[in-house]
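Each of the next two complexes has chain A plus one more chain, namely chain B in the first and chain C in the second.
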Partner chain A sequence: MKKESKIPQRLIQLGVLLAILLVWWWGTLPGRINPLLLPPPAPVFKNFWLLLTTASIWPDLWVTVHEWIVAFLLASTTGCTLGYVISRSGYAVRVFDPLLAGLYSIPAILLFPLYLLFFGLGSGSKIAIGTTIAFFPIVLNTIAGLAYVDKAYIRAAQSMGANDFQLFWSVMMPAAFPVVLTGLRLGCIIAFLAILGGETISSLAGLGHRIVSLAENMESAQMFGNILFAILMAFIINGTVSYVEARGRRGMQ
Partner chain B sequence: MNRKGPLMSPGIARLLVIIALLALWEVGARLYADPLFLCPPSQAVRALPHILTDPKILNAIRITVYEVLTAFVMAVICGMAIGLAVGLNGFTKQSILPVILLLYATPQATILPLFILSFGIGPAAKIAFGFSHGIFPVIVTVVAGVQNLKPSLLTAAKSMGASRWQIFTTIIFPHMIPSFFTGMRLGMTAVLLGVLLAELYVSTAGIGFFTRLFAESFSPPDLFALISVLATIAVVLNEGCRTAERRFSRWHTA
Partner chain C sequence: MNRTSTVIKVEGVSQAFGAEGDPRRVVALESATLDIPRGELLSLIGPSGCGKSTLLNIIGGLATPTTGRVTIDGVEVKGPSPQKVAYVFQENTLFPWRTVIDNVKLGMAFQGVSKSEREGRARESLEAVGMQDFANHFPGQLSGGMKQRVQLARALGLQTEIVLMDEPFAALDEQTRMVLGEDLSVLLARTGKTIIFVTHSLVEAVFLADRVAVLTARPGKIKKIINVEEPHPRKSNFMTSAKLGAMRNELYELLHDEIRKTMTLRAEVGGDK
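Moving on, here comes the complex of A and B:
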């Protein structure tokens, strides 16, 4: 049943994509849309291909990836540690969980001007904004995962004489892992988006910086090529992280 | 629960934690920080009246709120319409929904310059950018909400001869309400992000202009005060949507 319905579905999706490309090509024929706003597909894909085959994007890409990795590592270590510490006592959960959830509903991007002031235009402010944004889903999910482990499991393990470490390693960890992983996945993705956003607003280097400076120089075809590259990167990240999450989940069971 | 120990209620403890953090910040900022970059919270509070009475800043805040609300209303209406159109039909769901998900997953911050190119540096670009952030979560939750519709209800209504319109008003619409409000909440978060990103990127009269001005003129008290005003507005808007969601989803679980 599932196998049969898959192929027409893919064909329809392919058709829609082709239709979009066709509309794009038709709309950008000479005399229609201003090529500064939307360049025709051919030069965009040519630029995209150039990006993939030449090394010109590497320095900027490395800046962004470096910021992203540092931000994610910072957010995940602090988020998981704090989440673990808070989840140890039910009282602390009741005190801190609403506090963190309340802070989470403030759009963290508001802090970016402050971070620019503190950490400057370079990588520091992007790492800071990425860390702040990724921290909240990670810590909240860690608390949610660890604090709401079924009490019956814990009591069973304790009555069979498990010590603290055993309890953590063989009961709490496996039970909480999927929820924590979801937090890590969310944090990983939104850290990337936040860093791109920060680089777009003001920066000295990086993928977002590159796109903005191309836009400001009215190099539309190149800018679209870079945007395609960023989109491709977001997809690869999304796919990889979801795959790792699914693998981790299965590995734990 | 509380009888276990001499613990105070979590609410009071939370308040104490906040006060302790503010005190730590106050002391730390007074003793160690460079006043050009960081100010103690008391100074930020003292800057609040100045921020809230300056007509230019008030106007900037008003513009930003106007941008958020316009983008939000547009995103909810269009997202709802598109979500229904896509979700209620098997063909469109198979063909268009993946494209929508694809667009949803693109890092929109990278196309911000495009919005500025097409809509200029005024409020129009912010509204458009907020709209493009907000519409996708609305569409996706509405589609998910339509999907959760029990087919037996539809079949029952159809077999009793209900018209399309009757089916929509009596079955689809009431079932949509919870997901509609969830979509609204997610949409509000996204619209806020979009509008603020665009404001911070380039702005002539909105709050982005003033955050940049305060940061570049090294007056952290003003910056902190303005940011806390904006954060308060954002939290009020977010919480409004959350309350509406909780209130209108209640019938569903009952």
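Moving on, here comes the complex of A and C:
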């Protein structure tokens, strides 16, 4: 098979981004869109640059990152543990797999007002919503990975005398690993999005909080600078996690 | 045949799936009795669904018979006996996340071979099947025939007296099977292991085996056992000999009616739905 060159793909992707920028610039020329609603690119990028080069955003950034890390750790430990426990019995899988999948389809963000009452306006409610949302893909993928390991592998291992620990460690785990890893990647990314969303709804600090308060003060150029910053973060997170996932897969092959 | 040299004894083994009285109950195997002497290669052949693989799994301890029992060296089989029995499966059961040599070594680890011994034994058994140059490949990089060679190497590495082979070449093309069959004959003649080999191929059954056990359509019973008097290792000229041809024809006669019966049975089952 001939290997396709990546250059045309990249050029098209870059072209689309440039086109958006161009429309933005054209739409914000004097006399067009009100700069309070959409400021021109130049001041937005200037503010974005300031965020990158000064430490002004660090306190808020730390709040968001801290919430995100705690939420992800909570979701992955509970999700993987529960997924493992359920996958041990075929009966439990038949009962809980559809149940969890059903719950996953409920928009969890609706729980956020409740979490605000429970855990307050601070980090607690953000961690709770991030954990809730990240938990489902992690637990569902752990079940899918462990419960549906090819029976032929298990039979072969047992015929060679594998004990329960060897069966789990050397057969089930590596066989399920790619599927579990996909769940962790999804959980990691949507936890960040949920926390950012939660912060914009109601919060005391964080990246989302900054964006909302700038909007309320009509500091549009600064607000868009912060949005660009959040986009950059989501981009970096996605790239890093996908890279780690690909490395993990290759390591297990 | 010397009675004292019997290693595997199958005594009135039946296997049924589903509860008694259930209209869907299937009797796969009915009172199979067999004595397998040490060092023999026995082929099991019969129509689809006649319980060949079931019988093999019962001997290997991966299934429990409804009635009857199997003994190996006089000890009743109650579960997998990895110290005595190794398996080669029809489907690819090599672990795709481990290299060829690590697959062979993992089998030994499961069996309880000490760590220091594994490397040497794994290299030896890979060499025996001609796969020593692929030790560090992953299974995904190998052809179907090569994967089966590695599965065979993994079984040999366990150094068991008995090897059970469940249609190991069924998924391979004719030419690959031919070569693998010849290599297997040479290899097995050298090791002197006791082997039960389940196959669909009449020619393969005769070419490899000391005895061929023909099973009937479901419920599977042992219809006839045919002796193949031909020294090991079998040469390629045995493949084209009149003797093999005659035996193949005899098997064909024995199986023909049984296969027809299976087909009718299937049509009836299909009509019920």
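Keep in mind that, in the parts below, the second predicted complex is superposed on the first by the 245 of 253 C-alpha atoms of A that agree within 3 Å, B and C clash if a C-alpha of one lies under 4 Å from a C-alpha of the other, contacts with A are read in each partner's own complex, and residues count from 1 in each chain.
Heads up, the rule we're going with is that contacts are C-beta pairs under 8 Å (C-beta built on N, C-alpha and C of every residue); 3 or more make two chains touch, one makes a residue touch a chain.
None of the values given here were measured: they were computed from a predicted structure.
Novice: Check the contacts made with chain A and report whether chain B or chain C touches more of its residues.
Specialist: Chain A has more residues touched by B than by the other partner.
Novice: Is A:M223 in contact with chain B, with chain C, with both, or with neither (first, second, both, neither)?
Specialist: First partner only.
Novice: Once chain A of both complexes is superposed, is A:A162 in touch with chain B (first), chain C (second), both, or neither?
Specialist: second
Novice: Could you tell me if A:A152 is touching chain B, chain C, both of them or neither one (first, second, both, neither)?
Specialist: second
Novice: Quick one: classify A:S170 as touching chain B (first), chain C (second), both or neither.
Specialist: The answer is second: A:S170 touches chain C but not chain B.
Novice: Please identify the positions on chain A that touch both chain B and chain C, taking each partner from its own complex.
Specialist: none
Novice: Which residues, counting only chain B, touch chain A once they are in their complex?
Specialist: 7, 10, 13-14, 17-18, 37-38, 91, 94-96, 98-99, 105-107, 109-114, 116-118, 189, 192-193, 196-197, 200-201, 211-212, 214-215, 218, 220, 223-224, 227, 230-231, 234-235, 238-239, 242
Novice: Looking at the complex, which residues from chain C come into contact with chain A?
Specialist: 60-62, 80, 82-83, 85-87, 89, 91-93, 95-98, 106-107, 109-112, 138, 140, 154, 158
Novice: List the residues on chain A that touch chain B in their complex, please.
Specialist: 8-9, 12-13, 15-17, 20, 36-37, 91, 94-96, 98-99, 102, 105-107, 109-114, 116-118, 192-193, 196-197, 200-201, 207-208, 211-212, 215-216, 223, 226-227, 230-231, 234-235, 238
Novice: For chain A, which residues are in contact with chain C within the complex?
Specialist: On the chain A side, the touching residues are 152-153, 155-163, 166, 170-171, 174-175, 177, 252-253.
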